[in-house]
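Each structure below is given as structure tokens.
What follows is a pair of complexes built around chain A, which joins chain B in one and chain C in the other.
Let's look at the complex of A and B:
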């Protein structure tokens, strides 16, 4: 974890513009999975094409960061850049215009990628204990017994702990959505 | 058949497949789906228990266990078919080929891992059923006990497959883990069936 890990997107953008190398590392770390997920899960690009999109998107972010008008809008900007590059890649393969590419499935998959990213961001606001136990159960598919053995917890209490952590995650996500809705009104 | 196709399969078609003379689906897939039924039943109890503050979190875990169990139902058939084919090859061969023996060993190891996971999921589903039986609304507690019984059945069947199909020794740690999962699930089921 670096000093920039706790930065908001807007703070990170300002640090990148100021030429702080660690800030760029953090930006790539924060958004690499996101870009890759849009390319592979949202648009189902091959690993090879996704890698090309990945390189191209981060090159553009690096060279065009000054063009970003609202520093807090980093994520939608990266999403837009990535989507465009993915459409170009698919259009080039199919030899059709980029605007004809996006189908209903891609839209649904993109929404899921966005949702997954929001959940991942919300997870970082939870306590380390909550992040750990949710990661063990939902990402690593660990059994209650394994979790109990490794964390030295009675296995009968783990399901309730996970449920409480999920409750906190839900509150965080609902709080964000309230703010989002409020800001649009 | 992929996992999604398994989920989209009509129950009648799955049952027809189960009773057909092919190798898969077989006992492992049926055990996994039994655990999936148990998990989904726990989810139902939680969702119907509107005054229980942790209900949504318990339902989410139950659904996750159910999804994993369906994945294993799908995987078990394929892995077991592959292991059986390797066994037949080994039986047909006259000379002992070390490479082939190693490949067979690896396939049997893989086949052992699936029912072991199913047994473990059965224990987890039973554990969630216990929580639902304690905190869920009274009207639905009998369903929690039913879920525990199903989970225990799935775990017992899976542990049996670990023991018999793979011929592991009684000291094999995989068998010990499978039996521990089976026991844990059965303890919960016995308790809930008596109380609820």
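Let's look at the complex of A and C:
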């Protein structure tokens, strides 16, 4: 956790523009999984192409941050930059124009990436312990034993702790849904 | 997101956003420092014809001789910038 972890996207963009130490690190941290997932799950790029896209997207974000008109629209902007670069990468491999690739390679997994980002955002509102254990189990594929060893917990309690944290995450998501629905009514 | 999610589905969605390779993340986080090196090199090349000629002749060697160690992305940008000038 850094001082910028609790910033909204708009606040983070402004902090990056102001050159605040660690703001850029937080932006990369916040969006690295997202860009990676779009490239590898959404467009199924090879590791080599995905790495090029990943670095190029963050270079463009860094050099064009001043051009972002709505600071709160960071995520759709990053999504658009990433999709465009993925299409370019596919087109370059096949030696065809990028517009000819459009639509063909955008899989339903892209929608799932967006949904996953919402879940990830909700995750960041849980306690550090819950974030850590859910991340270890679900995204780092650590076994109960590994988690227990690394956190110095009896492995028998890991399953119950994961279940409890997952329940809290579901409640958080449901709470967000209630707010979303309420704001539309 | 407007529907209720069972915990199994939340688990599936958590697995979607896996960590990017740590080296990629570090390289992206080091961009500001890399850009600073890039800007310094380009400024020097614009002010110093001999330095610029050395860069054009053998970019990597000229940079190494000056103590710069930019990554391949910055090298590519410097090449492009020198070609534009």
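Note that the second predicted complex is superposed on the first by the 120 of 185 C-alpha atoms of A that agree within 3 Å, B and C clash if a C-alpha of one lies under 4 Å from a C-alpha of the other, contacts with A are read in each partner's own complex, and residues count from 1 in each chain.
In this text, a residue touches a chain if its C-beta (ideal position, glycine included) is under 8 Å from a C-beta of that chain, and two chains touch if they have at least 3 such contacts.
Everything numeric here is computed off the predicted structure, so don't read it as measured data.
Shared-chain residue A:138: touches chain B and chain C both. By the document's definition of touching, of the two partners only chain B reaches A:155; chain C does not. In the superposition on chain A, A:164 makes contact with chain B only, while chain C stays out of contact range. In the superposition on chain A, A:33 contacts chain C only, with no contact to chain B. Contact comparison for chain A: of chain B and chain C, C touches the greater number of residues.
Judged by the touch definition given at the top, the superposed model places A:51 against chain C, while chain B stays out of reach. Common to the chain B-facing and chain C-facing surfaces of chain A are residues 138, 163, 166-167, 170. In the complex of the two chains, the chain B residues touching chain A come out as 53-54, 56-58, 60-61, 64, 68, 120-121, 123-124, 127-128, 130-131, 180-181, 184. Interface residues of chain A, counted against chain C in their complex, comprise 24-25, 28-29, 32-37, 41, 51, 54-56, 58-59, 62-63, 109, 112-113, 115-120, 123, 134-135, 138-140, 163, 166-167, 169-170, 173-174, 176-177, 180-181. Against chain A, in their complex, chain C makes its touches with residues 1-7, 10-11, 13-21, 24-25, 27-29, 31-32, 35, 73. Contact residues on chain A toward chain B in their complex (touch as defined above): 137-138, 141, 143-145, 155-156, 159-160, 162-167, 170.
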